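Here the structure comes first, spelled out in structure tokens, and everything after it is commentary.
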Amino acid sequence: MTYQFDFSSLWAYWPEFLQGAWLTLQLSAVSTVLGFVLGTLCAIGRADGPPWVKFLVASYVEVIRNTPLLVQVFIVYFGIATLGIKVSANAAAVIALVVNVGAYTCEIVRAGLESVHKSQLEAADCLGLSKPQIYWHVIIRPAIERVYPALTSQYVLLMLASSITSQISAEELTAVANRIQSDTFRSFETYIVVGIIYLALSFVVRIGLWLFGLAVFVRKRKLGTAL
Amino acid sequence: MSAVVKLSNVYKSFGTNKVLDGVSFEVGRGEVAAVIGQSGSGKSTALRCINALETIDGGTIDVCGHAVHDEKLDRRSLRRDVGIVFQSYNLFPHLTAEQNIMLAPSCVKKVSKAEARDLAKDVLARVGLAEKAGHYPEQLSGGQQQRVAIARSLAMQPKLMLFDEVTSALDPQLTGEVLKVMEDLARGGMTMILVTHEMAFARKVASQVVYMHKGKVWETGPGAMLDSPRTPELASFVGSGL
Amino acid sequence: MPSFSLVHLEFLGWAALWTLGLSAIAFIGGGLVGFAVALMRISPIRWLRYAAIGYIQIVQGTPLLILLFLIYFGIAIAGFQEVPALLAAGVGLTIYSSGFLAEIWRGCLQSVPKTQWEAAECLALTPWQRMTRVILPQAMRIATPPTVGFLVQIVKNTSLASVVGFVELAQAGKLINNSIFEPFTVFMVVAAIYFAICFPLSTWSRRLERKLNVSRR
Amino acid sequence: PASADTLDEIKKRGKLLVAIDLGSPPFGMTDAQMQPTGSDVESARLLAADLGVPLEIVQVTSPNRVPFLLTGKADIVMASFSVNEERKKVIDFSDAYGVIQVVVASPKGTEIKSIEDLAGKRIGTTRGSTNDKEVTSQIKNAEIVRYDDDATLITALVSGQVDIMGSSPQVMAAVNQRRPNDPLETRIVLKTNPYAIGLRKGENALRTRLNEWIAKDLASGKLREIYLKYNGVPLPQTLPATN
Amino acid sequence: MSAVVKLSNVYKSFGTNKVLDGVSFEVGRGEVAAVIGQSGSGKSTALRCINALETIDGGTIDVCGHAVHDEKLDRRSLRRDVGIVFQSYNLFPHLTAEQNIMLAPSCVKKVSKAEARDLAKDVLARVGLAEKAGHYPEQLSGGQQQRVAIARSLAMQPKLMLFDEVTSALDPQLTGEVLKVMEDLARGGMTMILVTHEMAFARKVASQVVYMHKGKVWETGPGAMLDSPRTPELASFVGSGL
């Protein structure tokens, strides 16, 4: 069968593609920020918390890393509702994505924390810094700087994985694609266009995180060397 | 002369390894004490105990009015009074020399940013590195890093400074730079305890030499004691150490 | 009204086998293609290298969901209409894993010091002999932990094959839920089965990594 | 675009590929033994028997019914496939073999009398279905929540993620089975659609054959029996024309 | 004496860095040429060019009848004739000493396994390591590893051996072991080019000394030339190198 490609019928839908891409970016940005905070806190808890916290965090990380995001999304979405709390699909999507990326962030940041030498803590301790001050000034900042490339990759993957949330009615890029293709019956063309938009988005996310890194890691910007 | 540091009968073991076996000595205000002895004799451990980096098993340690042996010791207030400099510098790699120095005053003493910067300029000048304020540790030589580390401690205006083999990672020329700074400090009246392998320096600067051997204070006296050792152990140590 | 029963558990069990089968296809297919791409990626021939970089970038920059759709409908458009979902899912997952495995293995191949490549060359070994006798045995040791780690990703990501109608574990969960509407129970059980497959793998991967770190000290 | 005659191909292949949405009770679903069942499934079996070939079910969802048909993954679609003008531009339909309404339903106590009352409310529907089209075009100012298939919509309604639905009475019945304490009630009928078998354009022989079968089994009452059995209401005496 | 190696006017740059700037010299059959010169003078690069590990920008190199400068050069057949040993040994860490040696004969010359093993035993005995056949590289000292590396090259029975500072990663005692093996080879009539810092060894073993400076062959002559340098550069190099 010879298939007639026809991208022209998709042209009318560009505002919707744009809207979907925008929501994808928003979902990813919010999940990245919250997931980073959650993951970092968990990493600290796992490195320096009481045994029960360590156990809790370790279990959380293992469970999340060893089950598919798709299933996590369903459990969050329907689980929350079963508890009688109504949240919008976007909120459920963000919760699921944050829980998911938090676990990965935790593992990555933990590696960073472990790379900070014990003598650094002693030095800070001897200067009279309090524990939170030591964490903030001496441990977390260099730790994050060291693992920043790994975090960047993880957050690009998160952006791509957010396509799964279309299944619980979040109107992000993939959901928009599904709707457009059932309107136009141009599924192949639609998915090609969406694939290209995702490629562009991952480029945007990478650039964004790179710029953010430049702004935050002054030493790296000035010297260009890895810690 | 009032004692700034006073160790009485301090015991400390790591597992079954008795590292400090009844150590006692005193250091008065403005004194410079040089602790010498073979590797493994417990010098670093003694220094770390003074700064409460290790807890002790027996005896008492008084440092600037703090009862270090006490379980209820307020470590942070002890550490405002005591500065320590390590062999491995331990500068914070992600901060410039100036930021390294400003950190503790602004975090601990809540000094304003501008004041902290002035303070940093001041102590950097004292160690002869005024123009390196904006450099990151990796951009500095070993001797310069060590001097920044000293400046970082000085910025907290401690009553007592501890130095643990601060020159042994340096080549002879860089060693000279650092020893000069320490000499200046001694001349300025700072109370100091230094663990060192530099006999010549100990002889020249120290008002008291403490010779440790197998976890005990074996001999103690003025710098001149190195020239006329009373025990065969010190004699052989001085002989070999030159 | 039916509720969650042994029948459903059995149904999930069979679906889990499909998940494993799909993972095996993805791993073997992805491994073969990925290795070829990794070789292209370090080839001295420039256009091969660029082709490999382009391939890796595109695969890693497209969600698997979209990749699966494209392949499913793309194969049909190419004229093969009676494509079983298994084939489409297999091809999609193969492409996906090859993109990632290629990048992992490229790193491992390049971590074998350049001097080893030169020494082999100087002994007049052919490029193939150099690869199989000298480089691969060294690279494989380094590559094992991240490869096993990625296997976990593959197992989890087979869940997306459900979007092209393939009945693996996640899709089976959806079907059961369609008939009994107990989403929480059903997806918890599904999650537990995934965990039972993936957890041993990730533990193994981490143990290998530790062993490697110790031996390299 | 199919070049060959699909009817011949079915005969030659000895197998009928029917696209059915198993996530849309009571038309397509699975029973307690996880076997496919529902009115579309039984109708398809009837058709296959009539053609004298075994049936193979191709599972689809609302959004991908048409691509499955167009890309040749299925011979025909029997998935409560409502007839509408957009679809007719791309595919052909047989005569109707059932009807389906698009209704808005909500639980007791909600004040919905007209479309205007829906402003600002969350309405659940199935992405890419006729329901989605009607709801989206008729109801403005409402938040429309779209799921990939009826089953997920039902799960969402049962678990309380949404309370108002824009879908068929059949979906409502399935929901009410699972929430007997707080059942949904029909508020507004948006449209009544005939549904028919979808097939690729230009398959006149196949269409003629399908229409013969529909006429025959409507007359024999078998199709009416199946509709009644699963929908609980009888099929109207005359079905609207589709072409 | 026919030339085994002949470089004429060889040029080679890395980017803008001219590393070989018109290098010419010849080495005849059975000769031992020692290449000396300061760090960065291009010695290693010259050696690597002879073995076609680097391509050259101008000039010609003939090695055992192979036109190395030719684009159509058959590298594999060149390398059957030329053995090279590096400063960093480059043994294959996943193979035992014996397996390291057997690899090339069995892969390249298609020698049977048993023959290859006999060959390995043979060359291991020649470098005095018969009893280390089953050891992995990490179980051997630096000097032993270097001798296995030499044995590995010898097993291919090359017509020419290249050595690039094969002793500079070794301490004096281990150096002695390796130099002895090389002396034996020289005495056995092997054609050899060695880049070395061991002036005494060059003087003793080399039939020709090539002094390189700034990418040029500055002086060349017999070992005795080191005792009466004609250029001030060699004079200062010999003076400092001792």
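Each chain carries a letter (A, B, C, D and E) given by its place in the written order, and its residues are counted from 1.
Operating definition for what follows: a residue touches a chain if its C-beta (ideal position, glycine included) is under 8 Å from a C-beta of that chain, and two chains touch if they have at least 3 such contacts.
Labels paired with UniProt names: A, C = Amino acid ABC transporter permease; B, E = Amino acid ABC transporter ATP-binding protein.
Just so it is clear, the model here is predicted, and its values are computed rather than measured.
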- Message: Give me the set of chains touching subunit D intersected with the set touching subunit E.
- Response: C
- Could you work out how many touching-chain steps separate subunit B from subunit C at minimum? 2
- Task: Could you work out the angle of the rotation that brings the CA atoms of subunit B onto the matching CA atoms of subunit E, rounded to the nearest 5 degrees?
- Result: 170
- Message: What pair of chains is linked by the largest number of C-beta pairs in contact?
- Response: A-C
- Distance in whole angstrom between the CA centres of subunit A and subunit C is 21
- Note on the structure: Chain centres from averaged Cα atoms put subunit C and subunit D apart, in whole Å, by 37
- Query: So, what's the distance in Å between the C-alpha centres of subunit D and subunit B?
  - Reply: 84
- Item | Residues of subunit B touching at least two other chains | none
- Item | Residue list for subunit D, restricted to those that touch at least two other chains | 67, 71-72, 152, 155, 159
- In subunit A, what residues contact two or more other chains? 1, 3, 78, 82, 166, 187-188
- Query: Looking at the whole structure, which two-chain pairs count as touching?
  - Reply: A-B, A-C, A-D, C-D, C-E
- Task: In the complex, go through subunit D and note every residue touching subunit A.
- Result: 1-3, 62-67, 70-72, 86, 90, 124, 127-128, 132, 145-148, 152, 155-156, 159-161
- Given the complex with subunit D, which residues does subunit C contribute to the contact? 1-2, 5, 7-8, 11, 73, 76-77, 81-83, 165, 167, 174-179, 181, 183
- Can you check the complex and tell me which residues of subunit B touch subunit A? 51, 53, 75-77, 79-80, 82-84, 86, 88, 90-96, 103-104, 107-108, 136, 138-139, 152-153, 156
- Item | Residues of subunit C defined as touching subunit A within the complex | 57-58, 60-67, 69-70, 73-74, 77, 79, 81, 152, 156-157, 159-160, 162, 170, 173, 183-184, 187-188, 190-191, 194-195, 198-199, 202
- Task: Using the touch definition up top, name the residues of subunit D that touch subunit C in the complex.
- Result: 17, 22-23, 25, 29-34, 58-60, 67, 71-73, 149, 151-152, 154-155, 158-159, 177-178
